[in-house]
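Before I ask anything, here is the structure I am working with.
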Amino acid sequence: MAQSMSDIFLSFQQYLETEQDLREEIRVVVRELEQTARGILTILQGIHQPDGLSKIPELCQKSKAAFANVKNQFQVLKSKVPENQYYRFHDHWRFVSQRLVFLAALTTYLESETLIQREEVAAMLGVCVDHNKGFHIDLDDYLSGLLMLADELSRFAVNSVTSGDYSWPLKISRFVTEMNLGFRLLNLKNDMLRKKFDALKYDLKKVEEVVYDLSIRGLKPSGDAQPPTDA
Amino acid sequence: MAQSMSDIFLSFQQYLETEQDLREEIRVVVRELEQTARGILTILQGIHQPDGLSKIPELCQKSKAAFANVKNQFQVLKSKVPENQYYRFHDHWRFVSQRLVFLAALTTYLESETLIQREEVAAMLGVCVDHNKGFHIDLDDYLSGLLMLADELSRFAVNSVTSGDYSWPLKISRFVTEMNLGFRLLNLKNDMLRKKFDALKYDLKKVEEVVYDLSIRGLKPSGDAQPPTDA
Amino acid sequence: MAQSMSDIFLSFQQYLETEQDLREEIRVVVRELEQTARGILTILQGIHQPDGLSKIPELCQKSKAAFANVKNQFQVLKSKVPENQYYRFHDHWRFVSQRLVFLAALTTYLESETLIQREEVAAMLGVCVDHNKGFHIDLDDYLSGLLMLADELSRFAVNSVTSGDYSWPLKISRFVTEMNLGFRLLNLKNDMLRKKFDALKYDLKKVEEVVYDLSIRGLKPSGDAQPPTDA
Amino acid sequence: MAQSMSDIFLSFQQYLETEQDLREEIRVVVRELEQTARGILTILQGIHQPDGLSKIPELCQKSKAAFANVKNQFQVLKSKVPENQYYRFHDHWRFVSQRLVFLAALTTYLESETLIQREEVAAMLGVCVDHNKGFHIDLDDYLSGLLMLADELSRFAVNSVTSGDYSWPLKISRFVTEMNLGFRLLNLKNDMLRKKFDALKYDLKKVEEVVYDLSIRGLKPSGDAQPPTDA
């Protein structure tokens, strides 16, 4: 039996090596995705610059162009991972997916002042939303990305005032308020996500303080800010 | 937009509730599997009793009969979990799977003194071995189950001597030695498994010490122990 | 053989004692370096004082004078540590090196509003930058020092306003923004460094909020702040 | 300045990538060394088999032949790592070095019943002992390897009795006793090593119990065992 037992274990070793090689290939593609995501973030950081507001349309165009690379890299990733093993390796690309949701959501918000839908993110990444069908954007990852967006928008509210624009803070305030109400509808079981959600209230407070500073100084634009949202 | 954003989040809440319900259903089935596994373990603990050795065939029969329930319960579990979401929920049944591998492996060893194959375990559980096809026994879980077997066999070697049988320790010594050599062929990356493997050498030493005690007292059966395995 | 084995171990004990003595000598020199670094920090803390801004040139002179001691102490350290054992004992002086990078970088920034180069730090410490040639400044340590600089500058931005100067916050905001963009180009594998980098965004936000406070009150100097950096 | 700061950071990124590539190359070679070490261990495990004692010369020959591969693989490793950066990357090969010291020490002990010298290990690995000259065997790693040897010999003492040989336990008892006395001469500062040394007393007790079992049954060989060591 000795011979055959060592044969059995040798076959396991082949199996383990194959898996380790696959993980290594996945890691390489994920690193490239991370590289692209860093590039997109650098583009969008331009909004915080003194002349950033006038460049928003241009920055969004550049961001969307870079998402074409993301799509290609996700295709490569999909080609590596068998469809029904998505969750086996999910941890490898979970974090970069959340970042990409954030970057897509920021781009969409800057362009249209709307919340990106999960389907829209999926389209930008070239994946689907249905967790029964291989590569997709998990709801948890989508929500994590939205919370990163709120953090970035609170910073943008501050910097847009510095750049002399007083309308963004009001728009952002309404948007983050609604997002906060939305999140409060959810019974979050995922501890990681719940912890990130706890930070949302600080983002909201920050934005509200900016609006307050504008109000108290009579700098609040009256036009589009007044019609209160019936949330 | 306020309305629509809250609509979006409400749909998420439905999704989250559906998922939480599914997890709860999975938990219920897994608890039943654990109950069955405890029952099989109780049956097989009979081997450590003073009269246990003579009852081995009977205990193995009972164990195998109980595995019919395991098979049924795995069918229920499979009906709950969409095929390509196996890895999404795998953590729920990972531990009970390892226990069942151990119990199946112990039954097989007691009956035929051989190592159970992964395919045989899968057949006893009514699942497959191919990780591309839904429910299966992961290699890591199979290997964890074998390490539990080595631990149980080191105990059995001690108790079989107490029961007056001096041949089991020698057979077990050869078996665990071969298993140890087998594991040494593997380059284990899984930290959990590697740690469990570290304990194997203590099981082996324990069994060797039992054989040593028999040898030094001239109690070692000469017959079947001598033909060396030439591993 | 007994005799010879104890002889062997006795020779090891001599070796271990020699090493422990060397480590003790290194510890003494490092403690002196830490003392000097504390002195320099105390000098530079003067910038946060109400009358600190006018004293910047004087504080920088004192700081640079004190760096002559640093250079001497590094010479002593170099004389203790064999060239190719730099990494064997590196942990002893790693932290003080990072502090010294920070202090050198702060001095340079206050004088010329520029980022100190790694070569310049090395020159101030009397070491080299090439990790193939004994004593040098590791890239990780240089980067850690820069992150300490960002933290200090966010505090300085606050205190310069308190001292009635409204131009430093804008200059610091531009500088830290660029540093942040620079760090984003790096794929940091060092966990310690990555964690420190995560804190940079809080420094940046702090500085941006100071600039915001000036803007909203119409206190932002228009002159040198306007020319955007086109990053 | 923006441009130049991003240039500086880009050059850092190149540097970091080069280092990461080097670490990856080192990892690959170390994995091959680990593979070879596992092979040697499997060979030497043969001594615990029922017919192992008669095969000792043959097993030692095979082990020494396999050490030729170790030497080659260490040459490859040396070619990757600049001489004075040995300690920068030492952690990568520290553990496999300790294992190889153990395997070399076991081979030497089985052949000549002597303690392998650090110089002899170094020769078998194709490195030097002088920590001033690039690749070498650190004293800590050498000592860790010896402690693994004591553990293995305590197991061998048990199994040699099972195989009917009563002289090995006495020889091993004298050897481990001397090693224990040797270690007691050392003032160990390395916590890892000190912890491993704590286990040596259990190995010694185990061996002493085997000798006791032989003595009390009148099985102790009188010839070569009597001349007590004047330790």
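So that you can tell them apart, the chains are marked A, B, C and D in the order they are listed, and the count of residues begins at 1 in each.
In this section, contacts are C-beta pairs under 8 Å (C-beta built on N, C-alpha and C of every residue); 3 or more make two chains touch, one makes a residue touch a chain.
If you're wondering where the values come from, they're calculated on a predicted model, not measured in any experiment.
Engineer: As a multiple of 5 degrees, what angle does the CA superposition of chain A onto its copy chain C give?
Structural biologist: So the angle, rounded to a multiple of 5, is 90 degrees.
Engineer: Approximately how many whole Å separate the CA-defined centres of chain B and chain D?
Structural biologist: Each chain reduced to its C-alpha mean, chain B and chain D end up 33 Å apart.
Engineer: Report the inter-centroid distance (CA atoms only) between chain A and chain D in whole Å.
Structural biologist: Roughly 50 Å separates the two chain centres.
Engineer: Which integer distance in Å separates the CA centroid of chain B from that of chain C?
Structural biologist: Chain centres of chain B and chain C, defined by C-alpha means, are spaced 55 Å apart.
Engineer: Touching at least two other chains at once: which residues of chain D meet that condition?
Structural biologist: None at all.
Engineer: Hey, how would you classify the chain contact layout here, line, ring, star, complete or other?
Structural biologist: ring
Engineer: Would you mind giving me the full set of chain pairs in touch?
Structural biologist: Between chains, contact exists in these pairs: A-B, A-C, B-D, C-D.
Engineer: Which bits of chain C are touching chain D when the two form their complex?
Structural biologist: For chain C paired with chain D, touching residues are 1-3, 5-6, 8-10, 12-13, 15-17, 20, 82-88, 90, 114-115, 117, 131-134, 139, 143, 178-179, 181-183, 185-189, 229-231.
Engineer: Using the touch rule from the top, collect the residues of chain D that touch chain B in their complex.
Structural biologist: Touching chain B from chain D are residues 31, 34-35, 38, 41-42, 45-46, 48-51, 155, 158-159, 161-162, 164, 210, 213-214, 217, 219.
Engineer: Can you tell me which positions in chain B touch chain D when the two form their complex?
Structural biologist: 177, 180-181, 184-185, 187, 205, 208-209, 211-212, 215-216, 220, 225-226, 228-231
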